[in-house]
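Encoded as structure tokens, here's the structure I'll be asking about.
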Amino acid sequence: MTKTSFSIGGVQFPNRVLVASGTFGYGDECSSLVDVNKLGAIITKSLSMNPREGNPPTRIVETPSGMLNSIGLANIGVERFITEKLPFLETIQCPVIVNIAASTVDEYCAVLDVLEEHSRFDGYEINVSCPNVKEGGLSFGTDRVMTAEITRRLRPRTKRPLIMKLTPNVAFISEFARAVEAEGADAISAVNTLIGMAVDVQKRKPVLSTVTGGLSGPAIKPVALAKVYEASRAVKIPVIGIGGIRTATDAIEFLMVGATAVQVGTMNFVDPSAGVTIAEGIQAFCEEHGIPDTGDLVGSLDARVDSSVLTSWL
Amino acid sequence: MVQEQSQVISVSEVARNTYVLRFHSPRIARSVLAGQFVNIAVADDCDPLLRRPFSIYRAHGDTCEIIFNVVGKGTLALQKKSSRDVVNVLGPLGTPYSLESEGFMTAVLVGGGLGVAPLPLSTLILRNKGKELVTILGARSSEYLVEQHLENVHVSTDDGTKGMKGTAVDLLASLLPTQRWKSPKIFACGPTGMLRALGKFAVDRNIPCEVSLEGPMACGFGICQGCPVELVDGRSRYALMCKDGPVFDIRRISL
Amino acid sequence: MTKTSFSIGGVQFPNRVLVASGTFGYGDECSSLVDVNKLGAIITKSLSMNPREGNPPTRIVETPSGMLNSIGLANIGVERFITEKLPFLETIQCPVIVNIAASTVDEYCAVLDVLEEHSRFDGYEINVSCPNVKEGGLSFGTDRVMTAEITRRLRPRTKRPLIMKLTPNVAFISEFARAVEAEGADAISAVNTLIGMAVDVQKRKPVLSTVTGGLSGPAIKPVALAKVYEASRAVKIPVIGIGGIRTATDAIEFLMVGATAVQVGTMNFVDPSAGVTIAEGIQAFCEEHGIPDTGDLVGSLDARVDSSVLTSWL
Amino acid sequence: MVQEQSQVISVSEVARNTYVLRFHSPRIARSVLAGQFVNIAVADDCDPLLRRPFSIYRAHGDTCEIIFNVVGKGTLALQKKSSRDVVNVLGPLGTPYSLESEGFMTAVLVGGGLGVAPLPLSTLILRNKGKELVTILGARSSEYLVEQHLENVHVSTDDGTKGMKGTAVDLLASLLPTQRWKSPKIFACGPTGMLRALGKFAVDRNIPCEVSLEGPMACGFGICQGCPVELVDGRSRYALMCKDGPVFDIRRISL
């Protein structure tokens, strides 16, 4: 029997396949279709202090092997989350990571403080791909100083695992990984969506009401894999790999390049039980190859690092 | 809501560029309500990636039917399916028409183009309920009309090749004064433009009206927040088309 | 009859669909399959001073709706290009842009100087996604100062159009666009490939010999479109849009967001006549919509810029 | 090299998981040489994106045949084609076997697994040239063997279910001493491991040997530079598999 569990910051996870924020609701919506207790963890939709209505339609558009979204972080706010969703979450066994979004550093802190009062939550994932209202709306996540600052401010407020979720929309994600590690983050999630766009040529308009949106799905897997490889070689804390994971093989690719665990996002929309199927597939791969612990896959890639294209010609 | 690996039974052309796909899906067939839809995985690979939503056209015994036009790569893939294929179907999804309500005696079913899709299932239920039934169809031209499994059908075509020349709303407007419908309620499905016109017509005359909407969806069951429908008032600014809809009371929404 | 021609830096191009560097050889290889004179221009494979053998196998791998490559800029070098390829290029009418790659700023200059001696070439596209050997192999293209420096050094050496080809692997491509505009570039090409990776889980090795490679094809179209939108709003010089263009509709999307012309890359491998088909498709779209000049499409997007996701929430 | 929209004629299973796809492609059928290949667009959409290369198995009149195993999504898509479909085919591509050379009298055709693919076309040409012919096939087990359209066939299987138990190279090694082949030359196709073993065998015994290689390709006709084959000496370090190959003299390359 393969060992599938692992821990981050003292919290034990039953397996290495988590469901990504914004792609599994608050955990209750899919419970009739999938046994959520077979997931490594549920990561909730990003929560802000107050409820957010989200962006006007159109919010999603399909692209080749992917999709763009501009949900606008529609969420019920942390208070309603506690009253409406916590009761369900109390009935399940799998770990729950709450994802936090905010438009000021103070708001990140305030949301976390509310959540700290409840023992059910196993950790926090911080979505830094949010507009920093004090800086004219530029994303926190593309600014290394701000990303570090959020980590620094949150760190002393909780003993639970603090997972910083990085954006891929930067030249060198390793710089951001090092910055949050230095401020005491327990782990890194990588990556959030890539900025992308689609046009309706008949209407001569952007398809999304917000012009640009976030690209996710299998299309981005190669990019995400390269970012996770880069990030995990830069830091000692665990990196959770995200981006386009559709099959167990995809997930194993992420583990091999250095991810301690993975998250399944967009594929939940296509198959709400994708996460469970992938967790089982990783286990089957290990059994087939005589690997006693899924952790043995982590960082097991045999790569001559010096020949990376970062120092080569395309 | 269940996810079924459904054996395709047949794909047949019932009108110009209009196909009925019949599949074996006992759990969905037995629980589906009129106006609900299914979300179908059309490809094995990554393109097209997302499922495609279709109203349930008919359900009998263990089988379901959808009706569709080939408009893009997903519907093209469905049209190419045969009885050798299996499709993964998620459903039944969404909020149905409130056909069970006591608040009306005559159901006026209005279908524009492929908006006919949810009407046969509605007809079946309304007939069992003993309601009066009027069906009003609009199509581009006669070759696109699908009149099967309906009752008391009135027809309009844009080009006048069959029935009244004009839209379904025009036809409704011309019928209304001549008919003696007892406490009517409209149940409609069709393109947004038609629903907008129909909604105005119904609200102006104070006729209750439920419409089934169409629009982009990723998940189809409420987890992606990708399908907002603007509400005219109420606590929230948006409802979700896939979960709170696709059927809405026309007075609740802004089209 | 729709007007399809346009000009950059005084050079006239018959239509707005060019074939991208590295995806159409030196122009002669495809001439039996496609009438190259129906293309807006041929952009050659990147040429360096000396021939380059390229990277060891494996150099390519397919990904969902895309491919990764790590060719290593295999090319015959500028001298053999002149002796072996110029004779064919003299026989065709369509404009020829020579793409230049180098590992030092001096090498860029040297290659351009050789090409300046020949009147056949209509302009230069500069590939800055090359390792800067003086800086330990970091790509010139992710360093704004180096990108500007290459432009500054090349500008006085030629009166022909100088087109700087930017990499998408940066946080804000607009900064790079402005930098090369300020140094006198005539145009910008955007984008080159996205850094990506693939793993062979059975062998536990990267698929590509260089670990990471460049992602291209329809998968990247949404990202490329967003970058072209950002770049073209930042500068006054023309931007040539590249990335995942497969159909005329894709190309029109790029024109609408602000591209003056487009390049077709990966799709040449699938259909060597893709460029011609797309050029004809753009013309047909214009005729159908009563648009007298394909240039009327350029930047014709009706977008409320302030609502871009750059200042919103994903 | 031409690009043809080719009508599919049939797809038939000829051995376990082994299919022959026959298509109408007059220009390719008339010009293809043994060892050349075609590059076929398998999907309409973007996944799989790239064409798939296949050796020409047979060509007669206006039709061509390829033979393939279903190993992934591209070959699965091909297996599902029917006579209702059209596929876009680019070919003939690559450098063929030098069957026309005067430098040998006996052609020893060696096919490992689906390496049998280029052999029937080779057989036809060699027969017309009046060469002696020996064919040596290796397969995992008897059910995977494809022996049609060949001459003087000797068989080996990994599991011994037919012919000699062992590999095609083992079989060749056991046959060589017992047969009196006049100035033989080997023409082989198969998995890289087999070709490596075969190459060593041939070079050790000074028997000329040409092998047809397989590997990832993007374009298939020399513009992407994606298919390097390492050369043992010569001016360049690499040749292109698609253009300079897929057939190489075993002494030129390092496998």
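Order as written gives the chain letters A, B, C and D; numbering starts at 1 within each chain.
We adopt the following convention: a contact is a pair of C-beta atoms (placed from the backbone, for glycine too) under 8 Å apart; a residue touches a chain by one contact, two chains touch by 3 or more.
Computed from a predicted model, the values in this text were never measured in an experiment.
J.: Per the definition at the top, count C-beta pairs in contact and tell me whether A-B or A-D has more.
T.: When A-D is set beside A-B, the one with more contacts is A-B.
J.: Averaging only over C-alpha atoms, locate the centres of chain A and chain C and give their separation in whole Å.
T.: Once rounded, the distance between the two centres reads 33 Å.
J.: Nearest whole angstrom, what separates the Cα centre of chain A from the Cα centre of chain B?
T.: 36
J.: Report, in whole Å, the distance between the mean C-alpha point of chain B and the mean C-alpha point of chain C.
T.: Roughly 46 Å separates the two chain centres.
J.: Which parts of chain C, given as residue numbers and ranges, touch two or more other chains?
T.: As it turns out, chain C has residues touching two or more other chains at 55, 64-66, 69, 71, 217-219, 246.
J.: Residue numbers in chain D touching 2 or more other chains?
T.: If we look for residues of chain D contacting two or more partner chains, we find 45-48.
J.: Chain contact topology under the given definition, line, ring, star, complete or other?
T.: Topology of the interface graph: complete, with all chain pairs in contact.
J.: Which part of chain A faces chain D closely enough to touch in the complex?
T.: Touch residues, chain A against chain D: 64-65, 218.
J.: Mind pulling up the chain B residues that touch chain C in the complex?
T.: Of all residues in chain B, those touching chain C are 45-47.
J.: Give every residue of chain B touching chain D within the complex, in rising order.
T.: Result: residues 43-48, 73, 76 of chain B touch chain D.
J.: Residues of chain D touching chain C in their complex?
T.: Counting only chain D, the residues touching chain C are 1-3, 41, 46-51, 88, 90, 215-230, 236-238.
J.: For chain C, which residues count as touching chain D in their complex?
T.: Residue list for chain C touching chain D: 22-25, 29-30, 32-33, 45, 53-62, 64-67, 69, 71, 74, 217-219, 246, 266, 268-273.
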